[in-house]
Amino acid sequence: METHKAKRVAIIIEAPMERRLSDALISAGVTGFSILPVLGGSGRSGKWSREGQVSRAGGMVQVVCIIRPERLDALLDAAFKVVENHIGVVTIGDCEVLRAERF
Amino acid sequence: METHKAKRVAIIIEAPMERRLSDALISAGVTGFSILPVLGGSGRSGKWSREGQVSRAGGMVQVVCIIRPERLDALLDAAFKVVENHIGVVTIGDCEVLRAERF
Amino acid sequence: METHKAKRVAIIIEAPMERRLSDALISAGVTGFSILPVLGGSGRSGKWSREGQVSRAGGMVQVVCIIRPERLDALLDAAFKVVENHIGVVTIGDCEVLRAERF
Amino acid sequence: MDGILALAAANLGSPIILSFALGLAASLARSELTVPEAVAKGMSIYLLFAIGFKGGAAVAANGLDAALIGALLAGAVLSFAIPFVAFGLLRVMTKLSTLDAAAVAAHYGSISIVTFVAATSVLNSQGIASEGYMVAVAAVMEAPAIVAALFLVSRTTGGSGRMDAELWREILLNGSIVLLVGSFAIGWITGEDGLAQISSFIISPFQGVLCLFLLDMGLVAGRGLRQARGVMTAPVFMFGLLMPLLGGSFGLVTGLLLGLSTGGVVLMTTLAASASYIAVPAAMRVALPEANPSIYLTLSLGVTFPFNLTLGIPIYVAVASALTGG
Amino acid sequence: MDGILALAAANLGSPIILSFALGLAASLARSELTVPEAVAKGMSIYLLFAIGFKGGAAVAANGLDAALIGALLAGAVLSFAIPFVAFGLLRVMTKLSTLDAAAVAAHYGSISIVTFVAATSVLNSQGIASEGYMVAVAAVMEAPAIVAALFLVSRTTGGSGRMDAELWREILLNGSIVLLVGSFAIGWITGEDGLAQISSFIISPFQGVLCLFLLDMGLVAGRGLRQARGVMTAPVFMFGLLMPLLGGSFGLVTGLLLGLSTGGVVLMTTLAASASYIAVPAAMRVALPEANPSIYLTLSLGVTFPFNLTLGIPIYVAVASALTGG
Amino acid sequence: MDGILALAAANLGSPIILSFALGLAASLARSELTVPEAVAKGMSIYLLFAIGFKGGAAVAANGLDAALIGALLAGAVLSFAIPFVAFGLLRVMTKLSTLDAAAVAAHYGSISIVTFVAATSVLNSQGIASEGYMVAVAAVMEAPAIVAALFLVSRTTGGSGRMDAELWREILLNGSIVLLVGSFAIGWITGEDGLAQISSFIISPFQGVLCLFLLDMGLVAGRGLRQARGVMTAPVFMFGLLMPLLGGSFGLVTGLLLGLSTGGVVLMTTLAASASYIAVPAAMRVALPEANPSIYLTLSLGVTFPFNLTLGIPIYVAVASALTGG
């Protein structure tokens, strides 16, 4: 089956920042992304877990974005402006996609 | 630690299609996969979020499948039949696995 | 934007083992990881789904860990001790990260 | 007319409608207030179980009206027939594609159980009795509309049918049908006794849960409206206000022909006038994936549902009362 | 005998049993009806809290029966002893491996709190009194069976123990034990007063919540049964019907020896007859990961639980009533 | 003094406090007992809706006290002013950085609605009346403290403001404010009638839901305390005990000056004494991401909340009763 090269960007960020990040991605012309829940984790700022939490403050989400390689830089610039100062983790990986016309 | 080459296929698809996709994968001889929740996202058909939703219609799930490279094509064929016409995103990445006998 | 090479380790393991795995990672000096929910799946031990479940027994979680390449082996050793005998799936992939000082 | 206005005013001032309005306003103002998905689903399970059970218990108490079979059949026919009308109207009024029009039509043939519940609330507060088995009619009306819509698609696009055995099973055994029919049966079997055992669960807190559920529906509807600005043209919007009146009048005539009580006629009218937003959207995702969900979801949940909730139901009550002399 | 049949019939026609049956039927028919995980957990927290609190309040009201200590000890002994019996029976009746047999045995030594709750419901509806502290006995019986099973494994496989301090802590402080014991203590401390403050939360809607919880358990049990067709051989299945009767008879004798009230004997019998499906499966995942979860989960939730719910409890009530003259 | 002790004792022995203690103990002992996030959120929606509605219905019943406007204004001023005091105290007592101190200060200017609810419970059980509109005052006091804290930061660090239009909207339309104000309005509009319709949902089970919610808060607070051992120095901890008394005394004086009823003074004191743990933490994540969440969350939820719940409220009741002669 024919596949096409693409980049997979995953950004783990505090839940209250989700809307800002989405808005920034959309303004940067990113055509699609998905938001995945994160249950808990650990990092330099300690351990956390969403269990029993009421406030959105105590959690993070993962924004996953599949994108054409040539558009990666625009995405990273947009994301970085939001993530800067924040505790998020940004990773970029290679992948292949079916139906490249979608990206 | 000894590792083995494998492929990681991730398919984001409408929640009501989940059972069909699972069934297709199993029929195609895929021995294992996991289903992850997706909270929301954005694409050509607009933004969506699972929050407050009752119907399964308003959401997507991500099916992740780790598979030996030589079995990738069978998987993609099976998946494509289900995903065709649908709004799903299919990505394929390289990875290494421990305990290759499981795949 | 400047990026740095890193490894992305994803471990799918039974939910009741989550705490042991976290503890083992922290003891092995892993500085950060995130825990993602898994809704269901299929493998050699059959199909499962978290829907309607009360017991933690009937589910799995995914622990994702971004780590510098040179620290991968320590992580895998620690993880393997916990995962051995268990039904978990361990995958390792390449990725790039922003802000490498965090890892 | 005065009756309608008074009723509409009373209705608009009820906690359930105001809760819906609160949710709608909050999400139009982009508040981050949300109800977790699991809680929304939990409430819908509660409402379906309670309404089904009470219907069954009512049948157990009042004996089985001979009209039950007739009402069930009539409901199925209505649900199958209304999509043709809706489809025709959409093709005339709007520029929607065949697929989109068929998908929307399926929603209007099927029913919204919360609209049904809201109508029951109004009947209760007005002291108007209705047949307990109308819950079963609601269940029967969920699915035929889907079949009609797929028939419309295959006829107009010439495409082969998209129904497979799996889809049939999914439609007929979808969660709301199973829960509604199942709890109806349980209520019927256990009767007064069963109702007494669990009435402080399914009756006393019912109105309150309904408030929170409608708050959530307002939130979801508002979000949909915000995001669907592009697709909701004026004619499409108008369809969402006209169709319930048209569908409702079919229901009204059916109810009168069946000789239902005033309350029964109101409920039949409401069912015909209401549009699905749970079962049918999920089926459309599978069967008509190319149809645009924004259109059918927004029409059903964002336009027709609020219309029925606020103005529709009082109108149906007033008209049915006048015509049945109830 | 007539008594048992009448009781069984009444029991089978109760809303809670019918709700379980609805769930079971729905998932065997592959309906997509599901209860969200969070809602199921929320209901189980509610049920544990309510049952614990009511037990504690009952102890506060009736004073502490001298038999409490004896009952707690007896419960712990039963929970530790039954796995040996179950293990022996499994080795004789079935071809399960040592590990699988030990894992299953642990489940039958431990208890199912929902079975306990269902028995309490039946007692209430029959007007049979029971000791409030039986809730504490239930809590005490959760864990010893796990220790017995791990002992069985290390003895028969010669492997070193799999118990570490962490596992001990997890078992003894698992959610259900903590909630049950904790709310029992709160009920005891706050007594009548506390109960009055929250009775419209923990008493009035209790039966209704139990219906929805059992609906969910039916759904999960049905799904398990569908997926475990391979491993559920006829002998294994038979074990799931025999073992509650065997375990129950140990509980019966214990209850009689302790001189419990009729209701107390019924509950002790029910606890001994029931099999865990929350705490023990989680512990087995950690301690005996090679044991097949399909076997122990399906036996416990898919076979023994429905058996106790439908036939077991009426039998235990009839026998205990006959023997205590209650 | 005797009065305080008796009240504190009665308070400590109430089901809601014991439920909190149970949760706290369970998580300090590392039990895996948890309440699902969705259930915790569902309960908080219920509590906010119920408390808002009841407040509104009380205003509808008793007529609008002329003091409403005054109380709202005073609440806003308090919420804006207290962060300056808290900031000063923190800089004197502790070694927290400017950013951390400002973030903590924002929490103490804002309010904890569960503390408010707990105070209402105590008032009810003591038969002390209060102004229904105090709920609206609570809503008004949520946000100004955030503005004050950001002002403090920009003044001391010279940095440009971190408030953008989006953040304003988020703060003013955060979920709790919208739900509280919205349900207050619905209660006010529908009045006695509305309350009668849903009282068996929002009144009868209220105390019980509060127990489970406090159980969850105990679990979360205990987890926080365990994980924050590093950052919780003795002076920081002491601040968490002193600040509610200091803030509370501002509230007390304000309540007396406004001429509120005894209950009203208690509630105003409690609001001023309580610290936010839902809305403000989320805002701080956005506006002051460099501030350490462990510090502000643990102080607010792990130190000040338990203090107010157990000792604070009885003190406020005793003092307010003495000073108003109530």
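Letters A, B, C, D, E and F mark the chains as written, and numbering starts fresh at 1 in each.
In this section, a contact is a pair of C-beta atoms (placed from the backbone, for glycine too) under 8 Å apart; a residue touches a chain by one contact, two chains touch by 3 or more.
As the structure is a prediction and not an experimental result, all values here were calculated from the model.
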Those chains which touch subunit C and also touch subunit B: A
Chain located farthest away, centre of subunit D as origin (C-alpha): C
Name the chain whose C-alpha centroid is farthest from the C-alpha centroid of subunit E. A
Distance from the CA centroid of subunit A to that of subunit F, rounded to the nearest Å? 34
Cα centre of subunit D to Cα centre of subunit F, whole Å, reads 40
Intercentroid distance (Cα basis), subunit E paired with subunit B, Å: 38
Subunit A touches at least 2 other chains through residues 19, 36-37, 47, 49, 56, 93-94
Sites on subunit F at which at least two other chains make contact: 32, 34-39, 41-42, 170, 200, 204-205
Write out all the pairs of touching chains, ordered by chain label. A-B, A-C, A-F, B-C, B-D, C-E, D-E, D-F, E-F
Subunit D partner contacts - residues on subunit B that touch it in the complex: 14-17, 19-20, 45-58, 85-87
Can you list the residues on subunit D that touch subunit F in the complex? 13-15, 18-19, 22, 25-26, 29-39, 42, 200, 204-209, 211-212, 215
Contacts from subunit E onto subunit F in the complex sit at residues 36-39, 41-42, 45-46, 49, 53, 169-170, 173-175, 178-179, 182-183, 185-186, 189-190, 194, 197-198, 200-202, 204-205
Using the touch definition up top, name the residues of subunit B that touch subunit A in the complex. 12, 36-44, 47, 49, 60, 62, 73, 76-77, 80, 83, 89-94
Parts of subunit F lying in touch with subunit A, wherever the complex brings them together: 34-37, 40-41, 44, 166, 170, 216-217, 219-220, 223, 227-228, 277-279, 281-286, 289-290, 292-294, 297
